[in-house]
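Order of writing sets the labels: A, B, C and D. Residues in every chain begin at 1.
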Amino acid sequence: MTTVAFLGLGAMGYPMAGHLAGQFETRVWNRTPEKAQQHAAQHGSQACADVAEAVRGAAVLFTCLPTSAEVDALADTVLGAASAGLVWVDCTSGEPAAARALAVRAAQAGVVFLDAPVSGGTSGADAGTLTVMVGGDAGALDGVRPTLAFAAKVVHVGPSGAGFAVKAINNALLAVNLWAAGEGLAALARAGVDVSAALQVINASSGRSNATENLIPQRVVTRAFPVTFKLGLLAKDAGIALRVVNDARASAPVLNAVEGLMRGAANAVGADEDHTAALKLIERLNDQEIR
Amino acid sequence: MTTVAFLGLGAMGYPMAGHLAGQFETRVWNRTPEKAQQHAAQHGSQACADVAEAVRGAAVLFTCLPTSAEVDALADTVLGAASAGLVWVDCTSGEPAAARALAVRAAQAGVVFLDAPVSGGTSGADAGTLTVMVGGDAGALDGVRPTLAFAAKVVHVGPSGAGFAVKAINNALLAVNLWAAGEGLAALARAGVDVSAALQVINASSGRSNATENLIPQRVVTRAFPVTFKLGLLAKDAGIALRVVNDARASAPVLNAVEGLMRGAANAVGADEDHTAALKLIERLNDQEIR
Amino acid sequence: MTTVAFLGLGAMGYPMAGHLAGQFETRVWNRTPEKAQQHAAQHGSQACADVAEAVRGAAVLFTCLPTSAEVDALADTVLGAASAGLVWVDCTSGEPAAARALAVRAAQAGVVFLDAPVSGGTSGADAGTLTVMVGGDAGALDGVRPTLAFAAKVVHVGPSGAGFAVKAINNALLAVNLWAAGEGLAALARAGVDVSAALQVINASSGRSNATENLIPQRVVTRAFPVTFKLGLLAKDAGIALRVVNDARASAPVLNAVEGLMRGAANAVGADEDHTAALKLIERLNDQEIR
Amino acid sequence: MTTVAFLGLGAMGYPMAGHLAGQFETRVWNRTPEKAQQHAAQHGSQACADVAEAVRGAAVLFTCLPTSAEVDALADTVLGAASAGLVWVDCTSGEPAAARALAVRAAQAGVVFLDAPVSGGTSGADAGTLTVMVGGDAGALDGVRPTLAFAAKVVHVGPSGAGFAVKAINNALLAVNLWAAGEGLAALARAGVDVSAALQVINASSGRSNATENLIPQRVVTRAFPVTFKLGLLAKDAGIALRVVNDARASAPVLNAVEGLMRGAANAVGADEDHTAALKLIERLNDQEIR
């Protein structure tokens, strides 16, 4: 039976590792060890006390951490403990430049590093229906596809870093679509238009997006703003997109501008609120609730 | 049998009036009369030589013209020929301020004016599945709902002008979502990522919108850019949204910025190209084709 | 001796009319009559109880009101009382479209309307060193140049509306230069750079503007924010610029975006604060004081 | 007599090193050696065939290269040849992060690294009236102030990297002020206003900046666009500012957006044109010459 390891049992990683535990011998590690013990009790995984113990002898390693900085901090330990031939699938929403650098270091240790961020949110992680966008060696990806038990869709998008780049751009588009819809609805509300009727129309029309179809009706109009993906992390991802654009000497004035507004929202509203709470900043700028 | 009139047989109006002609006694008028004669021959409507002839005795009047200016130019003739109790359903993508003014003038002539723009494009018009967003008297709308034979969904969104306002904001969101997706894909292409793979991922992820799901795969990546909705008209609608925002003293920096970029695209690429050809400007700014 | 009339004794109008009173027979009117009586006592002008009394028999009429709406509200009375040949010099920061319409109406009454907004602030008004930018008949302007006693520089910039258009664009540039400098200084402050040293360098370098040379050192860094030109009025002027751009089918994404931010600042910080208090919004977006 | 070395005799470095040669024993090096020989012949400096020869025994080292990448490429050679106590004054418009890293490496070799970019353009370099903004050890700066013979103003702005950060923000403000003025003048031109009259007014008003006072009248309205500072370098500097902002988790939507437009201008108009040729992109977006 294949042995896999999973490092990082946060809001996404915890259920992702749960899907693995049903099919593979799964070792889990978390910075706060209680989470790993809880996971072992709930899903039948093996809680490991340290990173090296989790990695030693595993055929596939998954990481799912807040940023590339946390991944880099574990790299020496991981590469020291890794068996030759380990495939490291990093599901963090990380930096393309960090992926390229880590892929080179990993190769020197006989390890294949794939940047493999996921999309679908906590509900997709619970259901095991995440989308995975993968950068790096396509053959290595094919070898580990059967272990991606948390995914409904796995797409190879390019060389090392390409997975992180696509994820960053996807999240930047989420940020733009969300922010623009907030602006439009706040203006309509000020003009005396019913926001729910406007959403109903937009969602049957050409201006619709995931933001108008799902996020705003479920989280903003209800005033619930449930914290499943933090505003500070969306601002971080928009910042990664900024660097993807800049490194490619590409021109993206709108993505750039919205990064600034998302960072402003995180600073003014709170980085630990749900990402949809960015619209609370729009509400202040318009002296108008969006409902 | 109810008598209806339809003024303006353009790319949208022609098929919309066709759905009416199947159910009602339908009079049609067009600035170039050949179109009206063709419509009569194809759909069994009555071609009228002038506006007054079409309007006289009709219970419901539909207009579908390029801008509010063309509607205003017909208003004296329409109101002079109208029977008391006429309901005027203006499906133009018009100006809220023009709707408010015309509703007042119409009321003085015993006519009810409803601003009732549509969404769904030429394919929705052909299929009779348009969405209609209506501003003005809700009771009058209920009275004419049975005659909206071209619509799958009819939503009352507020007082006079609200229909035009929602349409303008919807199209402004279309403009933003389209432009931002173009920026993101151009940057990814420059970074060596496969655009089709990126679209596949985004469309299974949180950054998806009508632009990434339909417009860009069907029109941009194929290089077809079929002209069903002109870039100049999208720029005009984004300009109406600008005035909706400004009249409400609302704050919408992103909608504003994208209006400027759409107008720039119309000036630089051509107002008569399809609206998705705005991405040809992004391609120049990035020295990179989006495919 | 030439008889002139001045309507609107606000922060700008009061000292402007004072310069006239020293050289001409000057009638003044203000919505709150106490200001007019105070002006008469201080400057030797004649306080008039109503607009018609002030205008009757005057050779030149000056107006200096908050917006074109207030000017339009007086137009019937002014044109009813005007002597043929009156030249009406409107120093309001008004709307080009309103100027074009009023110029036509005025001509029908034998009056020449010039849109003639001023720049230089309250200190320029006090010193009589304002810049006047004039749209409308150049010959009529030449005839009244000697009466523009409050100006150091008078420039004819084009046909009716051109004066208001240039003023709006000037103020939009002020808004952009001010906002961008605020962003840059907030970022530097967060990065540990001394703001005063940075301003010293910028003001000896290529990035300098009136905002960095005068406004920010005198009003923001000092935390004084003295109210000489209200934030709500700057937001209004940026909105006029938006319409100038849009009416000309011009592309100005940056001016557009900053209009949205200025309106957001007026809504969030307060329309009655000084225009430089827009940077208090930047401070919130950056969680960082600019000093 | 103090011995100084100067590496990089480009459009700025050549005249800067000329001012040094008048007062100090000055060794010069350039990637293409002909420039160094020409400098020796013209200014009495000593042309060196390689970097190590220039650096060995010098008390102060100046570098003035296109980007931090070129500086980093020389660092091993420089630090290998440096005498203990060397003060390295890097006048490149570089990256703050590169400065911080290089300052640490330099200190390990007994060298003090100061990031010391300049402002004032080629005319300031010719006249010896540049402004220098310096990050790093203030005491070391005081020790070398007498050798900054090309400067009229030297300001210490903070720790390592602060000089580059201030320079980047200054140039980002230049980019914003220039672009916004271009947008405003293009709109006015389309509206029938005389551009020169508008500039005359703006330059006596609150919207004025270095861009409206100097660059646009001298370079754009004249259609001369003389290449003294390349568009590609301004786009690069705006990109550095983007990273300054992002690293500080600051919010700067307008600086961000203009970076995208400048990069777009460099891609579409040409990176080797003068920076003011960014307005040629505005002219295309407006189908209107700015003159």
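What we mean here is this: a contact is a pair of C-beta atoms (placed from the backbone, for glycine too) under 8 Å apart; a residue touches a chain by one contact, two chains touch by 3 or more.
Given the structure is predicted, the values throughout are model-derived calculations rather than measurements.
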How many steps does it take, at the fewest, to get from chain A to chain C if each step moves to a chain that touches the one before?
1
Treat touching chains as neighbours and tell me the shortest step distance from chain A to chain D.
1
What's the chain with its C-alpha centre farthest out from chain B?
D
Could you grab the centroid distance between chain C and chain D? Build each centroid from C-alpha atoms only and quote it in angstrom.
37
Measure off the straight-line distance from the CA centroid of chain B to the CA centroid of chain C, and report it in whole Å.
39
Take the average of all CA coordinates in chain B, do the same for chain D, and state the distance between these two points in whole angstrom.
50
Got the chain C residues that touch at least 2 other chains?
183, 245, 249-255, 257-258, 260-261, 263-264, 267, 285-286
Mapping chain-to-chain touches, which pattern fits: line, ring, star, complete or other?
complete
Tell me, which parts of chain C touch chain D in their complex?
96, 119-121, 131, 133, 152-153, 155-159, 161-162, 165-166, 169-174, 176-177, 179-181, 183-188, 190-194, 197-198, 200-202, 204-212, 241, 244-245, 247-255, 257-258, 261, 282, 285-286, 288
Complex contacts: residues of chain D adjacent to chain A:
239, 242-243, 245-246, 249-261, 263-264, 266-267
For chain C, which residues are in contact with chain A within the complex?
183, 253, 257, 260, 263-264, 267-268, 284-287
